[in-house]
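Please find one structure pasted underneath; my questions will follow.
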Amino acid sequence: MSTWRVARLVAGKDLRIEWRSRVMVNQVLPFAALVMVLFAFALDNDSVLTRVAPGLVWLATMFCLLVVVQRLFAVETADGALDALRVAGVHPGGIFLGKALALAAQLAVLELVLLGAAFVLYRAEFAAGGAVLLVTTFSTATTGLAFVGTLYGGLAAGAKGRETLLPLLMLPVVAPVLIGATRATEAALGTGGATPSEGWPWIGLLALFAALFGAGGTLAFGSLIDE
Amino acid sequence: MRLSDVVAVLGGFPALAGATLTVHRSEILLLRGPNGAGKTSLLRLCAGLLPVERGEAVVLGCDLANDRAAVRARVGLLGHANGLYSDLTVRDNVRFWGATVGATAGEVEASLTRMGLAGRLAGVAVGRLSAGQRRRTALACLVARRAELWLLDEPHAGLDAAGRDELDATLRAATTAGATVVVASHELERAGALATRVVEVVGGQVREVAE
Amino acid sequence: MTPDPASKRPTSTQFSRGLGAAALVGSAWLLLFGLFLSPNDRVQKTGVRIMYIHVPSAWLAYLAFIVTGLSSAAYLWKRTRSLRWDRLAGASAEVGVLFMGITLVTGSLWGRISWGTFWTWDSRLTTTAFLFVTYIGYLAVRDLGGTHQQRARRSAVLAVLAVLEVPLVHFSVKWWRPLHQQESVAEGELKGLMLFTLFVGLISFTLLYVWLVLHRQRVMEMDDARDDHGLDLALAERRNEALEPR
Amino acid sequence: MIAMLNAPYVIGSYVVTFGAIAAYAWRLVVRARRTAREIPAEDRPWT
């Protein structure tokens, strides 16, 4: 079976699980909203909140990423499905791409909600001129996060129940995404007087990140989940 | 399938300590033996899940030491775990595992019928089934996978009388079609009647049993 | 009665003993020159004395991580695959984490003197901190268990990924705060005795690094051998299990 | 000389550095001795 067909199959399966279990809607999204409210308590200043809103959106995304990635692999390890996938002999690169695709779809929903929360709760302003940049930022950053999340989630799952390692391994790696996506979002929204043209170099960094980890993950995923 | 003096290690413990075994095509082989003897490890090794530490293992004509990927797609393993997604329905599970080998919708339905899961049950989420029904679902997935070598670990556990009959019939049909079956079981009467040959696993090794 | 020297110093050889002695002499020189003989810097005053240990430990930590990356790649490459590379990678990473920790502590003490603050969000500092955490994670993954081959494969993949990560982190932090001072260390201004002291520091840290990695790697080899040995014993026991009459 | 400005910071950094290295080296030696007792000498090919 070709890598792409495996990817489509696995992604379809993961999204169907998500659709049936509604963990995202019932648990992760409320958690995300809660985090956004808690940030407001901690910062307690409207103008500061508006200024740092893009950063908080991405910080909250990172936290939720950890939760979603753990869930993404918990469904595989709960009843030995990961073993069964290995026995099924499907291409590990395909599993990687499929799970990354499902993760990206879930993250996209999550980020939309977080961005909406930032507009409502933090009075972040939307500039129409930055719409293209905003969409590009979110799509490249999401792709990168999905690749890294799947790669390190697979490593933690392959190592049998050491999911506690996941934050330690993953958060340092996603730091460039946090920085790049925050700056690009600031530029798109015009936060702190930034202009969209300042945001485009960051897109390059985000795209490079996504490309590197996408390629690395497709190649290395097999040896991480194997055994 | 041929194992010669295979050693496999599980968490620093030699689960298999020089197992030698030959299984012929279309055979139904019963592995029996006490708990912890290495039956499960033997099955997992043949499925390519447990690396061969020493010795040689040739499964379906492929050496497991360097060609595990080629073996994997052609074997079906039913372990202690069912390998099912509890949020998906019975049909979705069978369809997913069937799709990994390109099974058609008709074949999926046939597998469901074979294990008595067609009808209302097929639309129920696996998480809401009883243990026996889950076992049936896992077997249906295996049927849909059309494996050449079936490795079954306690397949009868949790199944009711009808389920056992269906299982036995399925396995016999599979061997008639040219597949080979290895079963590890404690239910010697049931599995013994099914098997064409019995071997005993003790201390990580295999012993022939005189008829 | 003379004790068996091999059991008292099981990981040492004539070469490593010589190396260790040289490292000790070098360290003594470093203390002597760094704390007493070298003069104060015109700009940095006494702060420069921290540089004699800070700069070498930072360089050696980076070197250690480069060694880890290269030997991990050598392990992943099929033709050079050997557990020796894996052990070298692990030993080097461990010593690298030690040196990087030293770099961070001495760096922030130096920063307290020169900048009046323990920490600034300079790209070099931040990258260093991320490296430190990344390799702590790497060492944790090495301890996850499984067979030696599993450990080697997992950690080698992780080490190669870390090599991808480092430039990304570095450049993102650099662009993030572009206005910060570029050169945090005034190496170029060091002259005469000060330059010599830095040189002494570099030599002795290199010797220490080689000594530590050599020994760590040998301890790992012994650990692996002990595991294999334990397996042989367990195997014999397991075989007897089958011989017992039932 | 030693009675210098900021002496606690300077001396502290030297103490931390050499203390940490010495502690690590000591731990290595202890571990080596303990492990060496459990394996035969031929598993130490460098001797």
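Annotations
Order of writing sets the labels: A, B, C and D. Residues in every chain begin at 1.
By definition in this document, a residue touches a chain if its C-beta (ideal position, glycine included) is under 8 Å from a C-beta of that chain, and two chains touch if they have at least 3 such contacts.
Please read these numbers as outputs of a predicted model, since none were measured by experiment.
Central chain assignment: A. Criterion: smallest distance from chain C-alpha mean to the mean of all protein C-alpha atoms.
The centroid of the Cα atoms in chain B and the matching centroid in chain C are 47 Å apart. With centres set at the average Cα position, the gap from chain A to chain B is 37 Å. Rounded to a whole number, the gap between the C-alpha centres of chain A and chain D is 42 angstrom.
One inter-chain figure worth recording: chain A and chain C are separated by 32 Å, centre to centre, where each centre is the mean of the chain's CA atoms. Shown for chain C are the residues that touch two or more other chains, namely 145-147. Residue positions 51 of chain B each touch two or more of the other chains.
Shared interface positions of chain D, defined as residues touching 2 or more other chains, are absent. A complete list of chain pairs in contact reads A-B, A-C, B-C, C-D.
Only residues 6-11, 13, 27, 31, 34-36, 40, 45-47, 49-50, 53-54, 57, 95, 98, 101-102, 105-106, 109-110, 112-113, 208, 211-212, 215-216, 218-219, 221-223, 225-226, 229 of chain C touch chain D when the two sit together in their complex. Listing the residues of chain C that touch chain A in their complex gives 130, 133-134, 136-137, 140-141, 144-147, 150, 153-154, 157-158, 160-161, 164-165, 168-169, 171-173, 175-176.
Listed in rising order, the residues of chain B touching chain A in the complex are 47-49, 51, 69-77, 79-88, 92, 96-97, 99-102, 125, 145.
Residues of chain A that touch chain C in their complex: 151, 155, 158-159, 162, 165, 168-169, 172-173, 175-176, 179-180, 183, 201-202, 205, 208-209, 212-213, 216, 220, 223-224, 226-227. Listed in rising order, the residues of chain C touching chain B in the complex are 145-147, 149, 227, 230-231, 234-235, 238-244, 246.
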